[in-house]
Every structure is written in structure tokens, then in C-alpha cells.
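Next up, some structures in C-alpha cells.
Presented sequentially are two complexes of chain A, the first with chain B as partner and the second with chain C.
Let's look at the complex of A and B:
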């Protein structure tokens, strides 16, 4: 006990280095950004020389059609990517949750796309989508069809496909892990009661996995708003604004248009959106833990 | 593993497995194959695998570190070797720092009750969602204007001696500037993952060490750390992956001498006439370290991924 008192400072010593770094390089910059978003800020200026403009940046953005378009593209991208990936990933996991040879090889090869640099992923897909030398069009032509203008007319779809390729494995692997840790007793009981494959999936597996699935989905959604490099390399946001997601627009506003104040305000909009998602995830987790605790307590009382 | 029995499956399953593997790995293999082709072969597209492999693309990419003269080019414009070294230094140093700081913080959050613990834990969770693009503006401003040390002060000289960089001793344009933001960016994630590993370390072990008179630091470094090695491996790979692959912040913070490989690739992609062979060779070189990690430590990666997501 005496030792514990003497070591009261210990947790702070353990915590301090990480806390200092995060405050200096994460929290302070975020505060700085919020402060800067209320100012007319040019990259050549020091922030103390800038003029306070109130909510002007936010209001300008709100009525700026290209910002709205970019927000729309971002939402379209994030939602469709996550929806397709969830369906594909969970479907594949349910299908492949068997004791088959080669499963570990499959999983290893499946995580490769996630580990490779987004820049390289963009590079690969840009090559494959190339109108004349690209793999897809060459294949289409070899079977006698017309080539598709992948990164022109169907740019957003093409970008979505590339992201699905890269991130479906993430959901697949998390779902598979969740499936394999399901209580066997429930499945056995269902089998004895004569539940078919589909019934087991609908009434047992999916409901039991729901907590994991929702967390996975929200994690993926948060990450989908972070995507930038793949799109930058594939289309540079074009043609027009058709694939210019918010992250890309922020970086262009800051570097090309040189309006740091507006870019900061835009970052804040994006941040608020993500904050909402994070709070949702957090709240969901809390509810889940509380429910689990309640259930456990109930079971113990019965015993 | 070898005595494990497998269920007999319909052949269609193996067909599906093969198709999935083909889809997952196909693009990577395609890039690998193309990086050994001359541009002429890539553009004419004659016969998928019937071509004369050449390492000329790799030679062009690595021209600034090769010890022999190249015949096919007179001027080495692509400074890939230097960028590769920058990437390596930045990724390794930031991974190391993130791990050390991250596991200490995770340990404090899991094992101690202290004032501000909930705040710290909540903040860590919240900042995890901040995208790099959001950090772009403030980091650009701060690193260029505020995080500067006077040229003449001792610390300033020390930093310049250690990490290079030229001119003012602002953080922008130095390796340490990029490392700082990578460490900060990765810390929340690493803390999050490692927490779920530290929770599993049996209390009794630590108690026993305490009985033997070990202080908290000895307990942490000699008892806890060795047990959570798999977690550390997973966290290290994830951190390395982000630091190695990141483009946006590095492009805002680096100057001519501190460019990393992703910047080099993006710059070469935006040119009008893309030299596919060379760019795919550079892409392949950038992709090789993560691929090696994946093949060596896929089990740890998967454990880390599931631990991070499921434990919330």
C-alpha cells in the first residue's frame, strides 16, 4: 500500500510523453485550425497578421455550389463504398466460414491490397482503366466490345470499384473473426431444432454478429472519408468535379487557391461530420456494454 | 496444422477461392509483370506473358544510387534512391517512437486509475477519426511559421545536425517535422490497439514481480512488454504502413531534400506523358516492404485488426 502511494505519479510518467506529443502536434493544430477558419488567411501571412472575418468562410462555403457538389460526391462515395463492401464482405465471410484448406493463404493474400500504399493502388488502377493501353478496355476489345471511358464518363464508379477492391477484405476478415468466435452452443441448438442454412444465418449468425458488424461499418465509414491518395492519383478529382471528394478539395483550396481560411472552414465541416459518426459509434459501444453487463447480471441472479 | 482435418467441399468452392485470390492479387501481379516490360511492350500490349523481361525500368528508377553508368539514358532525373532513404528514415523512426510512447500510454490507461484518465482515453478515441486532410492546413501553417527554433540557439543547431535540412530551422522541410506529425497521427491508433492486448496480461504476473521488488518501470519493460510482443508487432506494422505510405502531409511538409517515395510517384504521375514502365517499377519498390511484412506476419496483422475493431 505504501508503495502504491509513493508511485502515485507513475501513471502520469507513463502517459506524459504521448500526451505531450498529441497535444503539440494534434490538439494544438486542431485548435489552430478552428481559430484560422474565422480569418482571411493567405499562406504567405502569419496568422497573427490575418483579419478576423467571423463566419464569412463558413457562409461562403455553404452557398458555394462547388463545395456542395464536392460534399455530395464525398457522401455518395462513402455511402456506396461502405454499403457494397459490407454486403460483399459479410456475404463472402458467411460463404467461406468453413473448415477448408487454404483459408490462411486466402486471408494473407486478401490483406495485401490494404497494406500497399494508396498511391500505388491508384497507380495500378489508373493503368488498368487506361482508355487504350489499360487492361479492361483491352479485354473488352478482344472479345469484340467497345471500350468504356472508365475515368471519364464513369469516373466516380471507377473510383468506387477501386476502393471496393482495396477494402472489402477488411470487412471480410473482421466478419470472419466474429463468425468464428460465435458461441457454438447456439448454432448447435439451432441445428438440432432443424434450422436450415439460411435460417441459421438470418436468425442466429447475423443477430449475434450485429454489434461487431455495426462497429466495423462505422469504422469503415470514418475511413472512407479519409480516402484521398487513390483518387488523387487516378483522376485528380476530375473530370470536372465528378470525383473531387472533400479531402481533395481541402488540399486544393489550400495549395492551389491559396485560401487557408476557407480550407480550414472546410476541414471543420468535414470534422463535424466525422465527429457525429464517432459519437454514434461511441454511444453504440456504451449501450452495448451496458446491455451486456445487464444480461450478465440477470444470468447471475438466475443462478 | 498438418494433422488438422478439413471438411470436404464442393469443387465450386475452390473455384470461388481461386477467383477471389485472382481478384485480390491480380492487379498487383499485373503491376509486377509490367514493371519488367519496356514501354513499347506495355503500349503495344502484345501477348500477356510473352515478352523479354528487362530490369531497365528499375535501373532508371534507381539511377541515382547505381554504381555503374546506364546506356539508355544520359541524365538521371528521378532521384528515387534519395527519396527511398528519406521514406525509410521517416517510417522507421516514427514507428519506433510511436510504439515506445504508445505502449507506455496504453499501459497507464489500462492498469492505473488516475485523475484525467477518462479524459485522456476519450480524447485518444476521438482524435483517431481525424483525417490527414483536416490536419493539412494547420500543420502547414504551424510547421512553417510557429514551430521554429532560432538558428543560433543550441537546440536549433542540434536538430539541424541530426536530421539535416537547410536554411531556417522550422519544422517544415525537415525529417523531424514529418516524423512528429506521423507519431502524433499514429499514437491514438496504437494506444487503442495495445490497450486490448495489455488487458489480457494476467494481473498475477505483475503482482509477483512487485512482490519481488520490481518498480513499475521494471514491471512494464521486463514483464508486460515481452508478453504483448504480438500486439507490438501488429501495431508496428500498422504504424509503419501509414508512415511509409502517407502522401498528403509529407508533400506539404517536405522540401527538395526530404521528399518521400509517394510524393515522387504522384509527381511523376501528373506529367502528361506517363512512363508506365518506370512508374510501375517505382510503385513496386514502394510496395515491396509492406508486402514482405504481410507475408511474414499476416497472423499478427489479422489479430491486431480484429482486436482494434472488436474491442472498441
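Let's look at the complex of A and C:
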């Protein structure tokens, strides 16, 4: 009896160290942030000396036009990069899902951008976008066109392009993996049934990949909301507030404006947004597994 | 319903040749069965016909027109896959109507056709379900139905019954045999099960190691196999083979081996006269040996085990060092371990060249 209970507890004993580390490393800072977001907090102060202000930070932010603009920029950025990346990544994967000599090298080349550190990507693109010595404008001038004010007038578009360049491969490899694990015989059946290339994609491949595509899309969205380095290096949020995404505004609020409480509240807004997406993702997975289980149960009843 | 001709068709994967160049003619409205052990190239042959595999060399003709370069959809074929290959995300009605919808057939026409076939296959109550909600047998029917709603000229089946349990398989086999008589189409059916081949085929093509061993009607294959492989593959329980030597005694031809001495029937002896070989193997079907003594050629067999199958029993016996299966009526009492005298119907005895395996 005692032994049985000890046995049941064994796994928890082994998990305890990991759990402790997790609580300290994850929950403590999180709690600190939530706590701080209810206080008027200057970096020079110790948190215990700060004054409790209730929801003031949250309310100020809610009506702060700069915060709203920043939120708008973030949404615009995230939605447009993810939309374009999905289309490009899935399209490329569909195009390159074939066994031709040299295809594996091509595939490896395609995923290179993803492996470069974001800061390096930012620096690279900043030089390429440079108004006079940048690659793009030099090229435009060489063919007799006017240069474009990439990081000025079109700053948001320019950072969007850079992000697409870096993250399309992510969608590409996940889609490719999904494509290659599709049931081959269903595709063959479709060929026999008379489906051409587009019809196979539209009626068989895309519907069968949909669960993977949805999760991929959510993962990318979560990531796009948190993007920081590339934009920091390329534009520092400027000109004006045109590329000041939330992560950047948070760091500026904390360092430049020295309002840790407000920065914490802003982080919490972002956290809630991401949490919503994550919950959506888990819910989607849950629904999928539940449906699979229900189907299996239905079959077993009949056999 | 084209006449299909394979002209020296071969298949290689890289440097490995899995199909030797083969010639094959599939006549209009015939049910042809490709049969052979696993891995002998049956599916490959069928898939080349379907357009799912490229042809390494040679050409396939439909009514004299080469079709090797055509896409599957241009060949007017329907196919049933071994794993059924249903579309997991479509319900049964959508699965069955997919080809018709792609072909832009009238909606009401689609509905009637799907209904008719579904009723015929007893799956009309499942039309709204997804494949994952069906049992194996039901999925198999849907796969059949999906092929049947189409008005294709040629139907291909790749081991469609092999994933079913024995009882369901027997049932579906009978239903297929029935259906075969109603549908006036070319059908090519691949299986590794010779019972399926014998019950379904108008014509059977026996393959082994990427080579066609023999083709013919079920009766031809059973009665006049070309070689030892075909003789051993067709028929159940399988044929017994024993090494032996031809000897002449008192003007008659005999075959002698470990534990037996049997006379060669006159007709066979005449054929054998022209062959120089003495080293042979004899083939005896279990049904050619009986324990009813009637003045024929006797042979002494030691009974090792008897397998009771109902009306018939199969005895595993020993003849010298050879193992021999014998099929007898169960009514006759059998003593294990004893040696009894059996009688061989030498008219049905087959003689093979031991070297080449060809029937003499």
C-alpha cells in the first residue's frame, strides 16, 4: 500500500527540480512584471519604494495615441508579413516538392535566411536600403530610375520586406514537411480520378495540410508580434513612429521615458494578445485531437 | 473498352531491373488477374498501365495507340488501391463523386449515379460519413464504389481484398465474381492469392521475379502448368514435389526416388522419350493420392499429422525422406505414426526437368 503510493509519487520527485527552476525562471519575472504594472515605478527606485496606482498605467495607455499608433503599426506589420509569408512559403513549397536533381541543395539555400542572426539581418538590410550607397538605389540609378527613400518614406514597407525575406523559409520548410507526409496514395487516386496539378493542390493537398498550415500561421503571428531586433537595427522605430512596433515602444518607455510601470503594463497588453493567439492554437489542436478520438471511437463501435 | 497490349515493357529503378521486358495482351471485356508472390512486380505492372509509374522501355498500346506518355487522367481508367486511398477530408458521397465533379458531370446525374452504386454496394447509409468513421470492410466498399461510379473503359484493382479478414475477404470475393459478370469492361486485378485469381480470372497471368511465367485460363494453369513454379503456385493445398530418376524396366518407363517407384503414364512416357534427361522431379497434387485401393500404383506413406478440415483432411506424410501432403475424405479412420499403403493416380502425375524446372 505504502509502496504503491511511493511509486506513484516517484515521477513527481524526479520532476521537482525542473518544476522549481521553471517557477523561478519563468513565473517569478512574470509575477514581477504584473506586480510592477500596478505601480508608478522609476528605474532609480527599488520596487518596494514605489507607489501603488491601481489600473492607472493600463488606463493611461489605453487612451495614449502613441501607444495606439504603435499597436496599429504592430498589427499592420504582423498581419501583412504573415499573410505574404504564408502565400510565398506555401507557394514555394508546392513548387519545389518534387524529386529533381539538385532540389535538396536548392531547398537548403532557401532556408538560409532563417538561420542568420536577426541583428545581422537588420544591419544587412540597412546597408542595402541606404539612400545613396545601398544596393537597391544603386541598382535603380544604374538602370536610370530615381532612388527610393526606403527607410524614410516607405520605412514600414521596407521592414516588412526584410521580415518576409527572413521568415518565408520557416513556412516553406514546415509546409514542405507537411507536403511530403501527405498520403501519397490519395494523391495518386486523385490523378486517376482526373485531377490536374492545380486541382490536386486545391482539392487534396491544401485541405489535407490545413491543420499544419493553421498552426504554422499562428506560430508566425505570435513571433511577428514580438519582433524587435531587425527593426531596432534598421529604423529604431522611425521615422517618427512609423515603424515603432510594441516591443520597441516597451523598451523605449522603460529606458528613455523611465516609466517601468507603464512599460510593464504595455508588456502585459502584448502578453494578453499573444496569450489569446496561443490559446487559439491550443484550442485548435485540442479540437483536432478530440475529433480524431471521436472518429476512432465511432469506428470501434461498429467493428 | 480498349484492347491493351504490352510490348516489351520493362521497369528499372536506378540500376535495378524489377521487371524484365514483358509482352502481354489484355483482351476487350476480359477479367485478367496478375498473380504472383509479393515483390514480383505485379503492382509495378499495374501502375505503369495506370500511368503512375514511367515505363523504362517498351510501350503500352490501347487499341493500337501508344499511351506510355499519357497522364493517368488521359487513359480513361479507374483504380482501386490496396490501402483504398480514400480522401480523408471528404465524406463518402464526395469521395465517390470526386471524379465526376472534376469532369463537370451534371449535378443530378452525379447524385443518381452515386446513389445507384452506393445502394448496390450497401453503403448508401454511410454517404455522409468521413472515411475515418468507417470500418475496414466499409472503406473497401467505398473504394470499389468510387471506381464504379465512373464510366471508365478499364478498371484496375491492386490487391483490393488483402487488408480484410478472411471471412470478409471470401464474401467480397464472391460479390466481386458476381459483379464481374454484370460489368462489361476490361478489368485487371492484381493479387498474391491464387484462390482469388482462380475464382475471379477469365485469364490469369502468373508472375515471379519480374517475369511472366505463364498465362492462360484457370483450368489451363491448373492442368497444364508450364513449369514447376506455376504448378506449385496454383492449387491448394500445394503440389508435392519429389526428386526422382527415370528408369526403363520391362519395356515401360518408371520413375524411381527415395521411397517410391511409380510407373509413368503412357502418354507422358511418349513425350519423355524425346528428352535426354533422366534427372527429374515429379509433381503430385494432394488430391492425386488416395487411400482407396483400387489396383493403381501403390506407395507406402508414413502418416505424421492429419489436419482436419471438415469433409476433407490433409495428411502430412513421409515418403522416404520426402514430405508429402495427401488429401483424403475425413470419414476414413487415420492412425498417426503408422505406415499405410496409398494409391497414386499416375495420369495426374507431372514430371519436371530438375535443372530447368520445365514440365516435360
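Please note the rule applied: the second predicted complex is superposed on the first by the 284 of 303 C-alpha atoms of A that agree within 3 Å, B and C clash if a C-alpha of one lies under 4 Å from a C-alpha of the other, contacts with A are read in each partner's own complex, and residues count from 1 in each chain.
The rule is simple: a contact is a pair of C-beta atoms (placed from the backbone, for glycine too) under 8 Å apart; a residue touches a chain by one contact, two chains touch by 3 or more.
Only a predicted model underlies this, so the values are computations on that prediction, with no experimental measurement involved.
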Record, for the superposition on chain A, whether partners chain B and chain C clash or fit. fit
Could you look at A:143 and tell me whether it touches chain B, chain C, both or neither (first, second, both, neither)? neither
Under the stated touch criterion, which partner chain does A:272 make contact with: chain B (first), chain C (second), both, or neither? neither
Does chain B (first) or chain C (second) touch A:47, or do both, or does neither? first
Based on the superposed arrangement, let me know which partner A:186 touches: chain B (first), chain C (second), both, or neither? second
Contact-wise, after the overlay, does A:194 reach chain B, chain C, both or neither (first, second, both, neither)? second
Scan A:229 for contacts with chain B and chain C and give back first, second, both or neither. first
Once the two complexes are aligned on chain A, which partner has more residues of chain A within touching range, chain B or chain C? B
Once both complexes sit on top of each other, what is the least C-alpha distance from chain B to chain C, rounded to whole angstrom? 6
Both partners, chain B and chain C, contact chain A at residues none
In the complex, chain C touches chain A at residues 50-52, 71-73, 77-79, 81, 83, 85-89, 98-99, 102-103, 130, 132-136, 138, 146, 150
Taking the touch rule as given, give the residues of chain A at its contact with chain C in the complex, in rising order. 183, 185-186, 188-196, 199, 203-204, 207-208, 292, 295-296, 298-299, 302-303
Chain A residues touching chain B - in the complex, by the definition given at the top: 3, 7-8, 10-12, 14-15, 17-19, 21-22, 24-30, 32-33, 36, 41, 43, 46-47, 92, 95-96, 98-102, 104-113, 115-120, 122-128, 132-133, 135, 138, 165, 169-170, 173-174, 177-178, 212, 215-216, 219, 222, 225-226, 228-229, 232-233, 236, 246-248, 250-251, 254-255, 260, 263-264, 267, 270-271, 274-275, 277-278, 281-282, 285
Contact set on chain B toward chain A in their complex: 5-7, 9, 13-14, 16-17, 20-21, 23-25, 27-28, 30-31, 34, 42-43, 45, 100-102, 104-105, 107-109, 111-114, 117, 120, 123-142, 145, 180-181, 183-185, 187-188, 191, 210, 215-216, 220, 237, 241, 244-245, 247-248, 252, 262, 265-266, 269-270, 276, 279-280, 283-284, 286-287, 290-291, 293-295, 298-299, 301-302, 305-306, 309-310, 312
